[in-house]
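Okay, got some structures for you below.
Each of the next two complexes has chain A plus one more chain, namely chain B in the first and chain C in the second.
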Partner chain A sequence: MMQKKICMLGAFAVGKTSLVARYVRSVFSDRYLTTVGVKVDKKIVTLEDGGETTLMLWDLYGHDDFQTVRTSYLRGAAGYLLVADGTRQQTLEVARALQQTAHDVVGNVPFVLVLNKADLESEWQVDERALVRIAEQGWPIMRTSAKTGAGVEDAFSRLARDMAIA
Partner chain B sequence: MTEAAVRLPDEEPETGSPPGAFAELRTLIVGPEQRQLRALQARLNDPGRQAQDVSDVLPEAVLLRRRDPHLTRALAPTIEEAITASVRKNPQPLADALFPVIGPAIRRAMAASLSSMLESLNRTVEYSLSWRAIKWRITALLTGRPFAEVVLLNTLVYRVEQVLLIDRRTGLLLQHVASDPRAIQDPDMVSGMLTAIRDFSRDSFRVAEEDALDTLRVGELSIWIEQGPYAILAAVIRGTPPRELRVAFQEAIERLHAFHGDALQSFDGDTAPFDSVRPTLEDCLQSQYHQAPARSFRRLWAIAALVLVAIGAWLYVTLDRRARWNGYVDALRREPGLVVLSDRRDGGRYAVRGLRDPLARDPASLLAAHGLVPDRVTGSWQLYQALDPPLVLARARQLLRPPAGVSLQYAAGVLSATGNAPAEWIVDSSRVAPALPGVTRFDASAAIAERSSALADAIQSTPILFERGSTKLIAESERSLARALETLRTLDALARVGQRRVPLEIRGHADADGPVESNIPLSLRRAEFVRGVLAVPDLPAVDLRVTAAGSSDPAATGATEQDKQRNRRVSLRVGPAVAADASGR
Partner chain C sequence: MLQDRYASDSVLNDLTTALDVIVLEALSTGGFQRVEYSHVPRWFHAAFQDAAGGRSVALQQAFPVLDAFLKDADKLWAGGIDGRADSEAFVIADADGRDVPVVATALAVRGRKYLLIQHDGSYHERQKILQSARDHALEHERTVKQVNALRKPIAALLRAVDDQSTSDSPSGTAVRQHASALRSLLDELPQTPRPVTAKHR
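And then the complex of A and B:
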């Protein structure tokens, strides 16, 4: 069976862990995130061609003013999810910065920009024009809600598919 | 060859142009290409030729794409269906093909399983009879753990429980083996977190790549990590492993890189190529247990020997006591006058119950001969009179008290007396003896005969002398005749006891002084006189007979007065006793 390592990247409190929790049933405690800075989960996905791939999800502690992402955790990743909070514009900027960091470490591997908290549409702050510009750079963008589960499966499936054909 | 000669027969001349010139020009310019195109078209339209062409390049094409997961996924359904159809049609070819692979695999799995089972069994048996084992069984009861597990934990030096081969770059699990597959958490995630922790420690302490974390310890578990250029080997060990084990792990990771370096270097997420590394990893599943001290076996043997000796001694004592008791009871049964009705043993005490003749031997006197202590034996004896000959005889002696010189014998119900017995004793005994149990008859004939003979001698020697020419006794002879009468009474009594009759001849004598004719009547009168004295009623068994000898049978032949006095007499002669008839006559 194929295995792929994917990382969850994003600013602090954008909902990375909630997205993973929506996607898999965790074995390890979330306390690992604040101690070791990462928590590993596993999800087996079935691709369109019928093949199965095991996704090892490395949920990295959120990037904030006090702690930066440990780049060593990115090493060997076959793809990653850049998670931003749609109700906080600055998290999109953090995502852009993290994408550059990830690119420096793992190179040009598939990734998906996920705008989380889509259920809070009334509080949406992300500039749509900025999104258009990002899309024009070829970034796949998807909207998710860890609260309702909307778009979560699709986001991971999309990344898995992109990794499979990469 | 002319240009026209190379024109193809199916080519049509173009309209509005000189047909020959165009065709010729075209033939000259693109003729070879046209022919190649037509040949190519014909080839493409030929399915058989296409198949031939594909078959020519197919092996190389598959080889070129062997690392492409898309090819694997594309081929998988077809191959699966083909295998399924083949098995349904005839499973034998596939079974034959897999036999060389599956046979060794099954044997290896069975050998490993049996080895593990035997090891566990050995440990369980080895420790099942010791004091420690009892303590461990209590621990197992209190904790609810299986006994074998408690034994394992207490005898374990170390055991490699899991070995993980992890891609060093991605932290993905390449292969994994475990001594007990049931006790494994998800090794994929363990692999990932282990890699993350290594990265974390390396980043935190800013150490070089090759100085990464190589040991973790959690409770009884240690995790030893050996890294190679492309992969790391992580072993989860319970207990205290020796340093030499790390060398074994280093050799394993080196061997893996030597034989699978390319696969490790080019790992892209497909773990299938690493199925073949399982034997190398399984070699790392080593373990060591405390050996049971040999002296515990010696102690065990010593205890067993002591137990056997104790059992043997107990058996010996028990059997010896039983034999002695049985011997004692048999002796009681053989003893005259003792009848054993029952006997029993209760622990170390014995009891016997029965009948005992008062004259029989005391049962307690037999105990010592059989090594029995009187304190431990209880006898309950009821008195009775036994008819055993010795006891009948003893009882007769006790009752009759035979005088010295008299002996008693007993046989077939007849009590016999022999020897020189007083007539009174004979008479009394003959009256009492038949009343004794077991005595049907008292035979005193021998004693009677002996005593009667003496009495007869005494009677016959009694001097009964008369005065001259008279039937008057001289003074001394009156007393002699009185004693003869008493003796005769005794003889009579004995004769009656013996159911006999005693003939007594009273013979009269005279001296030779007077005429012969007168001496006969005188001697007769003298005899009659004596008969008159002896003819008393209490001599019923004595038959008196009177005879007269005159002077023909003198006691003395001399001519002196003394000789003549001796001839003026009556002599008494006791004849042989004869049996009395039923009336006593």
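And then the complex of A and C:
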């Protein structure tokens, strides 16, 4: 079966691990437990043409002053999910910087910008004008909530579909 | 001499068992072979059933993270000088599905190429430290958000105070001084933290 590598990229505490846990194991924990190092999960998906692909989900530690993502982890990625926390504006800027890094390493592969924590609508902070500008650059943007599961399947499916036709 | 050899084998097994590490050697034909008498950790078995018996194994299938690390290891091994390269921690699942943090080390020793995969005993300590640092960073972000939310109403209040206390009376002067002090304090409060820029490693 064909395998495709997907990297989860984003600032710390945006919900990368929670998104993977929701997508692969349908679970969620409210407790924030920071990721150290890397964990790879697998999920078999059926594509629109009926073919199956194993998605190798590389859950990388959050990017910040304490840990910077090793570019070697990005090599061979067929796509990546840029994760930002909709309640923390600065995580969108980190996502944009990481997109540049990823592009430098793996080139023009499909990606999806995910605004996570959509369940915290009252605390939403992301600047809508900034999102419009990002969307104008052709970035696919999706809202998700690892807590409720909203949008999670759609985000990964969108990426898998884009990778299949890339 | 024979006795020394047995002692050495026993020590290798004892040490690798105590350290929960497996010692592999890169084969010239590609693949890896377990070094004789090296312990085989349970988590290694779980991730890679074929490892026992010193057979050649496709390691990256059991440990996908090694796919990235072995490129660094290859550079070390191709260099022809003794040295080591360490991976970052990565998490695998044991036979019961529990997370096991491990770390890989590539060694070049007198022309031989070794790969050690070891249970990362300091992982949870590092995680605790990072957790604490990030919890504090999140708390700081929340505080800054609250402070920023206060800026506008306080500025409006200060403008109103200025408008209402134009008299040269001692009380009017005092109010203006307090307002000025409050304005300075407001300027010194923390600003939104700068976003971390992506650094290449």
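Here, the second predicted complex is superposed on the first by the 154 of 166 C-alpha atoms of A that agree within 3 Å, B and C clash if a C-alpha of one lies under 4 Å from a C-alpha of the other, contacts with A are read in each partner's own complex, and residues count from 1 in each chain.
Everything that follows uses one rule, which is that a contact is a pair of C-beta atoms (placed from the backbone, for glycine too) under 8 Å apart; a residue touches a chain by one contact, two chains touch by 3 or more.
This one's a predicted model, so the numbers in the text were calculated from it and none came from an experiment.
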- Once the two structures are overlaid on chain A, check if chain B and chain C clash or fit side by side. clash
- Message: Quick check on the superposed pair: does A:Phe12 touch chain B, chain C, both, or neither? Answer first, second, both or neither.
- Response: second
- Message: Quick check for you: in the superposed arrangement, does A:Met1 touch first (chain B), second (chain C), both or neither?
- Response: first
- A:Val83 contacts which: chain B (first), chain C (second), both, neither? neither
- Item | First, second, both or neither for A:Thr53, with chain B first and chain C second | first
- Task: May I ask you to decide whether A:Leu113 touches chain B, chain C, both, or neither, giving the answer as first, second, both or neither?
- Result: neither
- Task: Report the partner of chain A that touches more of its residues: chain B or chain C.
- Result: C
- Message: Contact-wise, after the overlay, does A:Leu159 reach chain B, chain C, both or neither (first, second, both, neither)?
- Response: neither
- Item | First, second, both or neither for A:Tyr73, with chain B first and chain C second | both
- Could you say whether A:Val38 touches chain B, chain C, both of them, or neither, answering first, second, both or neither? both
- Given 39-47, 219-227, 363-371 or 453-461, which one is the stretch of chain B whose C-alpha atoms run into chain C? 219-227
- Please identify the positions on chain A that touch both chain B and chain C, taking each partner from its own complex. 5, 32, 36-40, 56, 58, 70, 72-73, 75-76
- So, in the complex, the side of chain A touching chain B is made of residues 1-5, 27-28, 32, 36-42, 47, 49-51, 53-54, 56, 58, 70, 72-73, 75-78, 164
- Provide the residue numbers of chain B that touch chain A in the complex, in ascending order. 69-70, 72-74, 76-77, 167, 169-173, 185-186, 188-189, 192-193, 196-197, 199-200, 202-203, 269-272
- Item | Complex interface listing, chain A residues touching chain C | 5, 11-13, 32-34, 36-40, 56, 58, 62-73, 75-76, 88-91, 93-94, 97-98, 100-101, 104, 125
- Parts of chain C lying in touch with chain A, wherever the complex brings them together: 64-65, 67-69, 71-72, 88-92, 99, 101, 120, 123, 126-127, 130-131, 133-135, 137-138, 141, 145, 192-201
